[in-house]
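Presented sequentially are two complexes of subunit A, the first with subunit B as partner and the second with subunit C.
What follows is the complex of A and B.
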């Protein structure tokens, strides 16, 4: 039979050849290559202090008949470290999104679970198809003084970890950058530039929630910025 | 059915809205400063969670973008009338507690109270413009609150100011919604009687 086995980096792994006795004569292969007998203890395969390069398919064959008695896929990895979580509203007052990632890879599959609580209410964060590791929430209430609490839990076969963010409705508002920023020379006036731009298209209601823009500029030959 | 507005009424509303927006903007900034001063003066933790205080109008609202202009004005008016009473109470407690000891905070509270009163009046003007009856205020007002301990008073004050800060932000947004011209009739959306 064939299955997947997850082990931590640095662990010692013992593989049994299915239901074969300890003293049975067997041959082990790793990704099709025979494994030297020095790694065997009877019919058990001993891998000490495993590293990532030892991930792969391990098979055990009965000595003379070469019947396949056991097969497993070894995946060497690590339990997850505390995930990095951020939440932001770039489309206020419609809603906000949260996105996350792991600071270091685990090399094995991870699953993420996110919970959003507003006061006593549970809110559903809808997962985005693209990018992954992102979900969005629509605001039900606006102008609330009650904080939002977001908890992200990451789990894999070797362990779990989590992180929590608590914030006010206004604290995470951060619009996208302005769009179509264009600087044009002014005819007959070499010392002037005309700069134009648009509100970010993700900002849904610039009339009710106007954005302020700040412009700085400098000639390439100078290091100092000037502000408009 | 929405009736088309006279041009002068439309102009007056736009003028009242712009002035109201400026009033609310200034109020928002002053309330933010007052909140900081209050937290420091009263020795409170700025991040303390305060349970919803009875009698304090909550700024939180669902389906905010679907509200009619009249709803916005009425809810704002009710809120600022309540804050007028609450701030007056706080001022009274402040004077009892500290006497002359912190005139600064007392002055800041009084200044915000003045702006809250002015804004409430401004909202009444806007409602008058829509030929809406202005809801009367209760003659006797709400019953006096039960005597709270000093600490409870401070926490209550924190809750009042926090909610007022949210309201100040909301009011600017509400007035901007009110000021938007409606494409069809030229009148602001939602201010006419609902059919």
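What follows is the complex of A and C.
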């Protein structure tokens, strides 16, 4: 008889040895190491104010026969805090992506559910294989006056939490940085530099949606930046 | 950009050939230049609207001036022309259709804004609105100018009163404020869209116009 048990950090945990009576003689082990009798109340194992280091496999053996009567994996963790969510369109006008993470780890498995509502319509945010915790949406309509509302819910065995973002289509447009930025010296002109770059490859339509670039530079010996 | 320079050179070169009747260069120059001017105007108006909308929404008061305010679109709000469009449809618009959509939208929006102008409370708001309406009028004229110089007919103007016949005025104060909210929203979205519309036109118009003119003159 074996299963996984999730408990909160700081909780008091009582483990029963399966169907054994309270007054049965048993031995408990944690990850193979015998547990001192002082932690026992009859055949129950009492762990007070558990911490992360107490996660592991707990086994209960009948006193004389050393039969394995019960086994459980204890996972100590926390319920999720409010997740951090951000949405961005780096490929306007194709669509946008949302990515999220937890501000502090929970130490136990979490599942994420994301919902996107546009006016009255539910939209599907397709999860990316890589990176994890990211999904993308394709725009069907452009120049929308109705806001997008994205809700991310994170759930684990100890609780759940969520956060919501509401935004206009144009408010989340942010292209990726320029690519192949190269600064070359100009022959016979030590005071000049030739800088070249390319549009980010994620930007699908620079013809209709041109990008504007700003360049600043400084010689290493100076602290002040100059702008082109 | 470069295409603009080539265009100017070609025009000057052609105009100087003695055997040819003088090409009316100023008209083509007009199209390319007024598209740029129209683009600049939309950016200027976008900037102006930010201040105007902030002031106006504060005047309307909560919840209209709350950043997260996200009301459902009521049927009555459909009177205001919407910039929202299917992505592929927008890409495939002809120059004429693109310009006409902008012309029609801003003409209607201007009418609605003028009605607003007559109703608002504070002097500051009236002043800002009047200034914005004047600029918006300039935009409508600018778009009209581009259409004319490209030989496109101007869309029929909006019928006199701003509300289409049969549409009732807002039955209460809150709904009236909602109408105002959506009007500003649509204006904002149209100006965001127009910059992209005129970007597309900028790239396409000057070379096409040169080719057309050369064909007409029998080259």
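FYI, the second predicted complex is superposed on the first by the 228 of 228 C-alpha atoms of A that agree within 3 Å, B and C clash if a C-alpha of one lies under 4 Å from a C-alpha of the other, contacts with A are read in each partner's own complex, and residues count from 1 in each chain.
Note that in this section a contact is a pair of C-beta atoms (placed from the backbone, for glycine too) under 8 Å apart; a residue touches a chain by one contact, two chains touch by 3 or more.
The structure displayed is predicted, hence computed values, not measured ones.
Visitor: Record, for the superposition on subunit A, whether partners subunit B and subunit C clash or fit.
Guide: Verdict on subunit A: clash between subunit B and subunit C.
Visitor: Have a look at where A:149 lands relative to subunit B and subunit C in the superposition and call it first, second, both or neither.
Guide: Second partner only, subunit C.
Visitor: Determine, for the superposed model, which of the two partners subunit B and subunit C contacts more residues of subunit A.
Guide: Per-residue touch count on subunit A favours C.
Visitor: So, does A:120 touch the first partner subunit B, the second partner subunit C, both, or neither?
Guide: second
Visitor: Considering only touches as defined above, state whether A:140 meets subunit B (first), subunit C (second), both or neither.
Guide: Touch status of A:140: both partners.
Visitor: What is the contact status of A:81 with respect to subunit B (first) and subunit C (second): first, second, both, or neither?
Guide: neither
Visitor: Which partner chains sit in contact with A:16 here, subunit B, subunit C, both or neither? Use first/second/both/neither.
Guide: After superposition on chain A, A:16 lies in contact with neither partner.
Visitor: Using the touch definition from the top, say if A:170 reaches subunit B (first), subunit C (second), both or neither.
Guide: Once the two structures are laid over each other on A, A:170 reaches both partners.
Visitor: Under the contact rule defined above, give the subunit A residues that sit at the interface with subunit B and also at the interface with subunit C.
Guide: Correct list for subunit A: 93, 140-147, 170, 207-210.
Visitor: Report the residues of subunit C in contact with subunit A in the complex, numbered from low to high.
Guide: Interface residues on the subunit C side: 68, 70, 72-73, 82-87, 90-91, 182, 185-186, 188-190, 192-193, 196, 199-200, 203.
Visitor: Which residues of subunit B touch subunit A in the complex?
Guide: 49, 58-62, 64-65, 162-163, 166-167, 169-170, 173, 176-177, 180
Visitor: Can you list the residues on subunit A that touch subunit B in the complex?
Guide: 93, 140-147, 170, 205, 207-210
Visitor: Spell out the part of subunit A that touches subunit C in their complex, as residue ranges.
Guide: My answer: residues 93, 119-120, 139-147, 149, 166, 170, 207-210.
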